[in-house]
Amino acid sequence: MTGRPLRVAMIGYGFMGSAHSVGWRQAPRMFDLPEAVEMAVVVGRNAQAVADAADRWGWAESATDWREVIARDDIDIVDIVTPGDSHAEIAIAALDAGKHVLCEKPLANTVDEAERMADAAARAAARGIRSMVGFTYRRVPAVTFLRDLIAQGAVGKIAQVRAAYRQDWLVDPETPLGWRLQKEHAGSGALGDIGAHIVDMTQFVTGLEVTAVSGVVDTIVKERPLLGSGSGLTGTAAEGYGEVTVDDVAIFTGRLSTGALVAFEATRFATGRKNDLSIEVSGDKGALRFDLEDLNTLWFYDRSAPAQTQGFTRILVTEASHPYVSAWWPAGHMLGYEHGFSHQVVDLVTAIAEGTDPEPGFAEGLSVQRVLAGVERSSADGSAWVRIDAGALTPGV
Amino acid sequence: MTGRPLRVAMIGYGFMGSAHSVGWRQAPRMFDLPEAVEMAVVVGRNAQAVADAADRWGWAESATDWREVIARDDIDIVDIVTPGDSHAEIAIAALDAGKHVLCEKPLANTVDEAERMADAAARAAARGIRSMVGFTYRRVPAVTFLRDLIAQGAVGKIAQVRAAYRQDWLVDPETPLGWRLQKEHAGSGALGDIGAHIVDMTQFVTGLEVTAVSGVVDTIVKERPLLGSGSGLTGTAAEGYGEVTVDDVAIFTGRLSTGALVAFEATRFATGRKNDLSIEVSGDKGALRFDLEDLNTLWFYDRSAPAQTQGFTRILVTEASHPYVSAWWPAGHMLGYEHGFSHQVVDLVTAIAEGTDPEPGFAEGLSVQRVLAGVERSSADGSAWVRIDAGALTPGV
Amino acid sequence: MTGRPLRVAMIGYGFMGSAHSVGWRQAPRMFDLPEAVEMAVVVGRNAQAVADAADRWGWAESATDWREVIARDDIDIVDIVTPGDSHAEIAIAALDAGKHVLCEKPLANTVDEAERMADAAARAAARGIRSMVGFTYRRVPAVTFLRDLIAQGAVGKIAQVRAAYRQDWLVDPETPLGWRLQKEHAGSGALGDIGAHIVDMTQFVTGLEVTAVSGVVDTIVKERPLLGSGSGLTGTAAEGYGEVTVDDVAIFTGRLSTGALVAFEATRFATGRKNDLSIEVSGDKGALRFDLEDLNTLWFYDRSAPAQTQGFTRILVTEASHPYVSAWWPAGHMLGYEHGFSHQVVDLVTAIAEGTDPEPGFAEGLSVQRVLAGVERSSADGSAWVRIDAGALTPGV
Amino acid sequence: MTGRPLRVAMIGYGFMGSAHSVGWRQAPRMFDLPEAVEMAVVVGRNAQAVADAADRWGWAESATDWREVIARDDIDIVDIVTPGDSHAEIAIAALDAGKHVLCEKPLANTVDEAERMADAAARAAARGIRSMVGFTYRRVPAVTFLRDLIAQGAVGKIAQVRAAYRQDWLVDPETPLGWRLQKEHAGSGALGDIGAHIVDMTQFVTGLEVTAVSGVVDTIVKERPLLGSGSGLTGTAAEGYGEVTVDDVAIFTGRLSTGALVAFEATRFATGRKNDLSIEVSGDKGALRFDLEDLNTLWFYDRSAPAQTQGFTRILVTEASHPYVSAWWPAGHMLGYEHGFSHQVVDLVTAIAEGTDPEPGFAEGLSVQRVLAGVERSSADGSAWVRIDAGALTPGV
């Protein structure tokens, strides 16, 4: 330890930059962090825009060259919130420069990139450098508590899982062709963006790996209006139509290492569903389910309860005894989306201070990428099963 | 028409016999049927047991030989509630004997049987003889209304569907090996028993056919205690363990004739879910969803509503203007499971009186069987897609 | 016992006549009644209309003079479903004639009538004649089970209760002035019609009496269109406006015999609420709540559960081990509004066969009338508390 | 304007101090405030504890004498989060010293204090000094939007309201006798603490005043364990029992200025309810309801919708077009309890910058106090109605 606060550089300043900034700003004020942290510098290509972001979000400086920033001695942590296609380059450079790295999900746009990142993280770990992937939904208290209950045996032997992430922002066929709908920029559509969350959450809460997948990805609206300005999803000046090159929906089945099946669904066409990530784990002793649109709640079915009064119990996960909650408000006071980003900071800083590897590490991020790649390969191969091996995707269950 | 009431013979007297009896008993008293009906005779192999059933449920007579009964001139309608392996023989004989036939679902245990039944039904139809399959969930008012709303364009172009039927009565690995878990008796497990309902409901409410499937069926608990007496699921004297030869869970994806995907799940291992059939249809104008455990309710998302107040509307389908409801109670008074059986009687008797073919006919029952057979074939073939043709199952999407 | 079936005469044939008929028709076919019953005769003033009702609902005969019918030796049970202003005369005559009586709620339109009925019931009971008030919501399985759980100590010492019955059929100010809105016919408005249910249910489930009340009744829309034909609520030909002489809403607080408070609300102006009877009982060991619009469900909060997993458990009251359920369908199959009427028949016939007094008896019906009268008096007296004594209403708590 | 940021002094540093600090910290970073703000100084009697709070929450300084602080020229806004019995003295002094004041609710412990505060606020307003009461639940987006919809006529003429605030933290009779249970410190129990919220919210969303009340307050557990240390609610060393001198529950009925009735309930004994503030407004055109335990959701029943599809619509109030939301996250991302404190800062700073009076002002806080005092008087007077006049409480409706 340096004896001074841990100083953070954040690379990128979009929507995720705002959310990460809240995490860095709030965590030290609501939790007893083992190390102090400082929001040192935010980095982006547009000097004025990134300066504005620094000013708005409370970063001490702004900069335009991430390479210079990661070369600085006064930076301890690099927080990457750029689009996925730049994750590998920045993360590997930062790790090699001896910085702890927090990288927003998905870890990368390709398995190859993710593998190189995981290798870099392993090398860095040997030198005491920590790395972490930003699957923040793990840190919604209800999700963390769900995982804890499963680990304690609350559902017994897992029989099956269903996990879905359903949104509806592409239902309108006139929604324009933004970068998220172009494979060269986004890498993937619903599968990579939101499917990644349900794969990670399944592996996280069950403590099991997805070892094989079969499924289909599909593009429901195949052409969309071009954006004249090319500047994003909010443009209105359509100039003809262009091809959508990513998936709108992914429906796939996974096999866990125990043999249990998982029904997965990721879609941007579930009309009326805004941000509806749900998971249900069924076992021979009980079941647990969670829905992100009811973020403070966990449902628990306990087969050991008396038969006449069995049922799903609606647990308000706002008690001081629940994960992360005691730092916030009294029982019954709701937490929201951004609290997970504070919890992420707490866990990362704690791991750095204690000299342990935070979870999820890059290896876990890689395992999610492999599952997603497996789904794409299965879809391309008529939904034939693809086995997710440590180092390869192969046919079979 | 004969000028006398339509006289009904019911073959079989298990759980479904009780439910059908309620339908025959209640429909004429709550609805204005175009023809009177009489509960003439119930048929079963055990003379004493079937006589007791007749007495209890209000059938005028009982009998032990269904062939004799369908040969009688005073019988107009044959209602088949026996296990699936006897449906084909009885139904074809009854149709050939000129009786209208109501056959409980699934239509048959095999596609071959179902094809012969559909052929017999087509021949009979040419002579004015009607046939119907007992997919009674179509006649839950909320489901019928859901179909009506889709037909009126409430969801617009259908983007995707999810349909699940989830129960939990096999979660306990010590639940004994009853006949429903043996392929030679039950034909199929979760797939045929409850998967049939979600396939039929999907085709019914969308008005579209499932044209291809890919999926997996799985047996989670592979051995279960033998029943000493062999008498059913309620036995307690286990004598060793035997193999479960049907599926516990079926997860499959369907392709509708328009190209839209359907995520299907049928399971008997969804801990805490008792009889949870749910369907959600998403389109570019709106969405509709229904859950059988909340039987009087329909949820409707209307994208044509003002943006600020869009949301899923919880419609209590108990208004006099909703299907079937005016015959029952005032608004806000709940209907239950068995009301669908009365509605089925209403629709069958109306079709007979009006000389039209009731829905769903045997051809529709056959189409469901083909989809289920396609799922089994896909599962056996590594989840490769199987095309459901009018007369064949072939590889491909 | 006579050695022949118990023969029933039903006086009245409106909406309640239909519901009671379902009870008499279904109970013997779904339950093992200790005595057989026969639907002997239905009585009404309009000969043709009552003959049609007999034919439709399955009563063997119809008649127009209830006095003649209750004088017949072949009648054992008189079931009264006429408007409240005729209950006293018919019920007292029937009891005096030695008939068991089932009287629809409210027991009477006035406390005086109810007292005379309770006296007659007490005299009759001494001769082995049974009487019962038709508070059928007690016999919704979830409500009966709620009562059982409280009796077993599931909520511990009761701290407070809230009970509401909320409908919205009078929200439209142009809803015409039917008989239910006229004091001379209906006796009372929301208070007597639906307030009666929540008072009875509170006393039933807690096992405690309401000993004092304070409250207000109010008429929100004071004038409504006159019905030209005077034929009911469905008329459309308004001819001027007339005064509404009953209450639209009653909000009152009750004191239980233990001192605990009850918040009551009965209203016909809760826009969007169709038939929303709800009750919640809170105690030092737990809480229970029920909502009639979710009729098969009971919510139970158990403070003895581990702190981290405490919450309201949603119990689907459809298991064979729950009250009345085993006679119907397997777990997860919903029951509806009319099933309570079958359960009422079961309990009445069982009491008759066993020589016990069924519940709720006329004394219980009288106690509800006294509470309602207390509310009206309190409202007239500026919401001052009124004590409900065995024989009188007096000021004070 | 001074040309420099508005500098804030916060008096008090308990739970509310933490919540207010989040508001001051987050609002400038998530919203475009018309004036910059600085967290200048936090004030408390214990020098070390308040210094720790300053450090933790990000206040530039700490101080122990609030009189000195409000005398400083460099302070523009005084934010009062002390217990209610000190509100009047501090707020009046601050206003007289020319500081804008934000005072946590309830405005005061007595009507007399509240009147003096409102007078001081009126005097100050004449000099351009602003004052505001911290009823932050008004600024939950769903509540603000509910108010907006009512103002736009969405429910039409209001027929009735029900508003309840239900908690359960006193259910256990061994919960010790903390200061909140002692009248000399807390002023009131459930009535003043949580009843204040539902009175304010009712007046806020309806735009109507409560003009009369009738009700009862009650203490369910009359004696509780004394705290040996006297240090708070968390102590365990009980030394005998002491008398609870505030109410546990308040059930009261209000009359709005239009004559409509409101059913109010505030309780700390609703077992299983943690922080359950709910309100439902019913009118002749529709209804709206909100529940704080489902904070991002609003339910809207629209009687102008087609009859067949009417129902309560579940609106997720997370769209950019909803109040306050665009500053936060995309649609479907949940907000929580503390966001209201940021919105409060936004509205206060905007009012100061624009030279308008923020809402709710002290006069509104006073009106809530008068209603609460009216309930206490009514309860003491056998629930007789008390009229809430501008300057007095008098008998009558």
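Chains here go by letter, A, B, C and D, matching the order in which they are written, and residues are numbered from 1 within each.
By definition in this document, contacts are C-beta pairs under 8 Å (C-beta built on N, C-alpha and C of every residue); 3 or more make two chains touch, one makes a residue touch a chain.
Given the structure is predicted, the values throughout are model-derived calculations rather than measurements.
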| item | value |
| --- | --- |
| Chain whose mean Cα position lies farthest from chain A | C |
| Of A-B and A-D, whichever chain pair has more C-beta contact pairs | A-B |
| Geometric centre distance via CA averages, chain B-chain A, whole Å | 41 |
| Distance from chain C to chain A - Cα centre to Cα centre, in angstrom | 55 |
| Inter-centroid spacing, chain D versus chain A (mean Cα positions, whole Å) | 36 |
| Shared-contact residues (touching 2 or more other chains) in chain A | 273, 310-312, 316 |
| List of chain D residues in touch with chain A within their complex | 15, 18-19, 21-22, 25-26, 29-30, 56-58, 167, 169, 273-276, 292-296, 316, 318, 328-339 |
| Parts of chain B lying in touch with chain D, wherever the complex brings them together | 145, 149, 300, 302, 305, 307-316, 319, 321-322 |
| Residue ranges of chain B touching chain A (in the complex, touch as defined) | 155, 159-160, 162, 164, 168, 171-173, 214-216, 218, 220, 249, 251, 253, 260-261, 263, 265, 267, 269-273, 280, 282-284, 286-287, 301, 303, 310-312, 382-385, 396-397 |
